[in-house]
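First comes the structure, then the notes that go with it.
Note that the chains take the letters A, B and C in the order they are written out, and that residue 1 is the start of every chain.
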Amino acid sequence: MNKVLAAIFSLNTLSAAIRMATPIALAAMGGTFSERSGVINIGLEGMILTGAFAGVAGSFYTGSPWVGLLLALFAGGLLAAIFAIFTVKFKANHVVAGVGLNIFALGLTTWLMQVLWGTRGTSPNVNGLPRVTIPVLNRIPVIDKLFANQSPIVYMMFLLIIVGWIFLFKTPYGLRIRMTGERPEAADTLGINVRRIKYFSVILSGVLSGLGGAYLSLGHLNWFSMNMSAGRGYMALAANIFGQWNPLGGLGASFLFSFSEAVQIRLQSINLGVGNELIQMIPYVITIAVLAGAVIKSRPPEALGEHYGNEK
Amino acid sequence: MTENAVDMANITKKFGETVANDSVNLGVKQGEIHCILGENGAGKTTLMNVLFGLYGHDQGSISIKGRKVDIGEPSEAIDLGIGMIHQNFMLVDRLTVTENIMAGAEPSKRGLLDEKKARKEVEEISARYGLHVDPGAKVESISVGDQQRVEILKALYREAEILILDEPTAVLTPQEVEELFEIMRELRDDGKTLVFITHKLKETMAISDRITILRDGKNVGTVSTEETSPEELAQMMVGRDVVLRVEKNEKETGNSVLEVEDMNLHNPENNLTLKDLSFEIEAGEILGVAGVEGNGQLELEEGIMGLRDLTGGTIRLNERDISNFSTRERRGAGIAHIPSDRLRRGLVTEFGLDWNMILGSEWSEKFSRKGFLKQGEINTYTRDVVEQFDIRGTKGEVTAGSLSGGNQQKLILGRELTRDPDLILAAQPTRGVDVGAIEYIHKKLLSMRDEGRAILLISAELEELKTLSDRMIVIYEGEIVARDKTGEFSEEELGLLMAGKRGDNEL
Amino acid sequence: MNPKSIWQRLKNLSGLSELLYSLLAIVFALLIGAILIYLSGHDALGAYYHLFVGAFGSTYNIAQTLLKSIPLIFTGLAVAIGFQSGLFNIGAEGQLYWGALITAIIAISLPNLSGFVLVPLALMGGSLAGAIWAAIPGYLKSRTGAHEVITTIMLNYIATLGTTFLVKNFFKTQGPVDQTKTIPTQARLPKLIPNTRLTWALILGIAVVLATKFLLSSTSLGFDLKAVGKNLSAAQYGGIPARNVMVLTMAISGAVAGLAGSTIVMGVLGRFITNFSPGYGFTGIAVAVLGRNRPIGVLGAALLFGALEAGKVSMQLFTEIPGDLLTVVQGLVILFVAAPSFIRLFSTLLGRGKGLFANE
């Protein structure tokens, strides 16, 4: 039992949890922007996956993980653009289209990996992103582990969350996004281009999710495996809801999920002898518990999921 | 001779097969208050939406101050100095007054919102025209009258010279209407041009300089206000002589049908609480509930129907305590319900007429056997009701969504009133319905009353309440502030009571 | 009777424009699939030829097509039933896993019962298991508003992990594979066409399709279900206990999904094998959407996807094109069918007349 507690509360687990929160928090903020503009984004899972794949593909063909990173951002954005066209222009039901997008992305990445590398399990190893250590901060005891030897995307994530928060709540464009998600008619009558805002927000969510995916395949590991996202996109959705459509809240919520994931991995390595499967369930059970508990008080954007069909 | 502020020439706008505006000509002089008068569905809002760039138009042209323009979207209208105050406010509840006003035209400093500057400008305009609001308040927490001021401020903030107001008085007490008219006169005297859309004759006569009447999408004439009369206007609006009031018989006393005692209810969504409501309705009586919308009418409606839980008090129907009954049980016990929002709460627009006709009765013995629907019975019943209630537009396989507003309302009436109810809860029964159907519905409600049924009538139209109700109660912020026989209330008193200022009537 | 008015009459048959609609979506999706095949250096026409032959080229192949479509009939129906009531049941996958496991356990535990009793018992058990697993998110949604998309997806993961755990630790048979013992012979479903693997599960599937159709069009419960789906407020105002209906709908949906698992165990596998499903629950979503949430439509869509599955084997064999390409097609089908304006745009472009889809 002591071993279990030690595993849960060790600094290593904590540091791992912060790292693993990265893809979820990035995708969650993506979800925040998308939903704040009124578009439900179930497709985060597919966007993470596509980003992960594109990252490895880019690194594979150019040898540079940074090119891979850029490709991941581009791929995530592109997939999101497709999603935006279907939901905004063609007025597809957001949830159905999101599910379709995920199936599409899963099929696409799995097919492509066979076309490119002839394998359906794991891609060949590629050059991953180098680990970075931040000087000064890595000498402070206790939090030193957080700033030593981390993937750069982790640092990017923290920065982006703060920038994202400022952007959403303190800039003119952020105000317009929020108005669009609450009452598109109101935004329209003020001369705000509702369509453009939705496109922007959705594509942004794809870029952010793509970055999260790149973390998985280039930052954390250095290969791509089939269906690598493993449900993180859905956790990101739940994190966004739990975080009340706020980038900072989303980060906190993501941490909750990643912490349970980190604990689960540590417990498995201890080899308790009892079903690993039960331990693996923990993050998913927590997601449900969070949703069931949090949603009672939650307040999504008023016009979430609606189509603003302008009669012209 | 100065050009008109607005000239709309031969404007035609179609939605599929329906012609909403048919070669409409409109000329609005600069610095006047011009009223566009017409029944529901006459095409007034459509015409103004065309002017504001929310709709395109199929034919015709628009000129502003003599110059021909092409208004493709609201931002272009705004650039031309046109501002629109919509019937349903275009406001975001969760944002502050200032945020609502500045969105789209935000002052910014180094990329960040400069709220202080915006707030200052808002306060300046407020002071100039007497439009007082708290710039930092969230829209959801201010009164409806104040919300309307925010709408006006939005237009003025963008330096609008031409202001379009779409049915602005629907949500105001008589006093607030007067205040609005004062502001409108101020704006006009300051050189602004105002276009005022309404279906209310009295208001038109009170505020406008000239009036254009629309009927069935066509312009049937433009008159100068001082040269016309309500009767003439009504005649032009409807195309025939209109009976402005329905005759009512004397009321016979009867047993108590509905008894509400110390009803308490809390709605967390808008933080409104009904406090200790108590009243009674006898058989053969219509009790009217007067009040500005949003003062607890919906909560009262839903509380009686069992759609919301009471936090205290009892409800008795025919002496039976139904406080713990489910909605289905209450309806079964003899309550008919005509909901305030027929599209959102009264009908399933995708269902056909037959299924809408049995909504609520799909498990009853009349229409089902052990859970299996008796389609034959359902069809017969539907046919009968359609005939009895004169529901039009029912040829072929139609869905309820394709009927006109008046016919939809008649469908609901037909469904509810043929269930032989003891109590009828009618909320906004003639909203958005053309004059012919209004007459029908009023006559029907009165005949139900004469048959000995009890009716709880909730309405925002004072005329309707005064015509139909035997007694009235006034509701304000969740409490009953006055009750009396209808005849004892003067319009002035009602207005004061609806605005929360106590009167002399007994409680 | 001139052709125009016949066309008009046909068009008004509510099924027809929907059918054309779905067909267009499939055509588009396959078109893009073909482009992808071409881009990856293969012969698209050849690939689709093998796909077609693999699905319909012989009695055995047709039987395979029918066989592969059976689980999709069930999962497609399950999702469609949910949709009709406004609920997104993405959890068919988890529900079918429990259905399969419980069916296997019942059959294995009662080897001495006659087939007449054991078969229905095992089916009912599997169905009930699925119903319960689906009722959970239904209850959570009705009580707390927890969005069922996420909860059902989470429960899918929990179901696959849970069934694996139970089999590994309590029901495992000897050998390296994580699977249960075989079920007794009398619990296996009889074959429909000799020398194929097609069983009476197909008949069961069609029966459930018809039962669902009847439920939705002619029963009071079906009325409540649809009313809640189309207009929740109006349904509540009419006295329909919406919360109860939601949970009941999910339970019915789960019951049907559970049968998907049961029929696989009793018809094809003869036992429960961990992680046996190649995503029937998710394909079921495509089937439901393509079938426009109508029972007969779902049947047709399931057959189509069954054909794709059967043909996929042949295509992979002869052309080395990875079968996952068809997953891409599936995703595209969902996207296209879900986008009404897209189809309408296309039909206007082709000048087929705005009237064709005017009723959409």
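Operating definition for what follows: a contact is a pair of C-beta atoms (placed from the backbone, for glycine too) under 8 Å apart; a residue touches a chain by one contact, two chains touch by 3 or more.
Just so you know, these numbers come straight off a predicted model, no measurement behind them.
Enquirer: Looking only at which chains touch which, which shape fits best: line, ring, star, complete or other?
Expert: Per interface graph, the chains form a complete graph.
Enquirer: Using the stated contact rule, I'd like to know whether A-B or A-C comes out ahead in C-beta pair count.
Expert: A-C
Enquirer: Using C-alpha centres only, name the chain that sits farthest from subunit A.
Expert: B
Enquirer: Give, as an integer number of Å, the spacing between the C-alpha centres of subunit B and subunit A.
Expert: Each chain reduced to its C-alpha mean, subunit A and subunit B end up 45 Å apart.
Enquirer: Counting only Cα atoms for the centres, state how far subunit A is from subunit C in Å.
Expert: The mean C-alpha positions of subunit A and subunit C differ by 29 Å.
Enquirer: Once bound in the complex, which stretches of subunit A touch subunit C?
Expert: That would be residues 42, 82, 86, 89-93, 95-97, 99-108, 110-111, 114-115, 120, 231, 234, 237-238, 241, 275, 277-278, 280-281, 284-285, 287-288, 291-293, 295-296, 298 of subunit A.
Enquirer: Which residues of subunit A touch subunit B in their complex?
Expert: Against subunit B, the touching part of subunit A is residues 166, 170-172, 175-176, 178-179, 182-183, 185-192, 299, 302, 310-312.
Enquirer: Could you pull out which subunit B residues touch subunit A in their complex?
Expert: So the residues of subunit B touching subunit A come out as 15, 52, 54-56, 73-75, 78, 84, 86, 90-95, 99-100, 102-106, 108, 111-113, 154.
Enquirer: Which residues, counting only subunit C, touch subunit A once they are in their complex?
Expert: 36, 40, 88, 90, 140, 143-147, 149-151, 153-155, 157-158, 161-162, 164-165, 168-169, 282, 285-286, 289, 322, 324-335, 338-342, 345
Enquirer: In the complex, go through subunit C and note every residue touching subunit B.
Expert: Against subunit B, the touching part of subunit C is residues 12, 14, 218-221, 223-224, 226-227, 230-231, 233-241.
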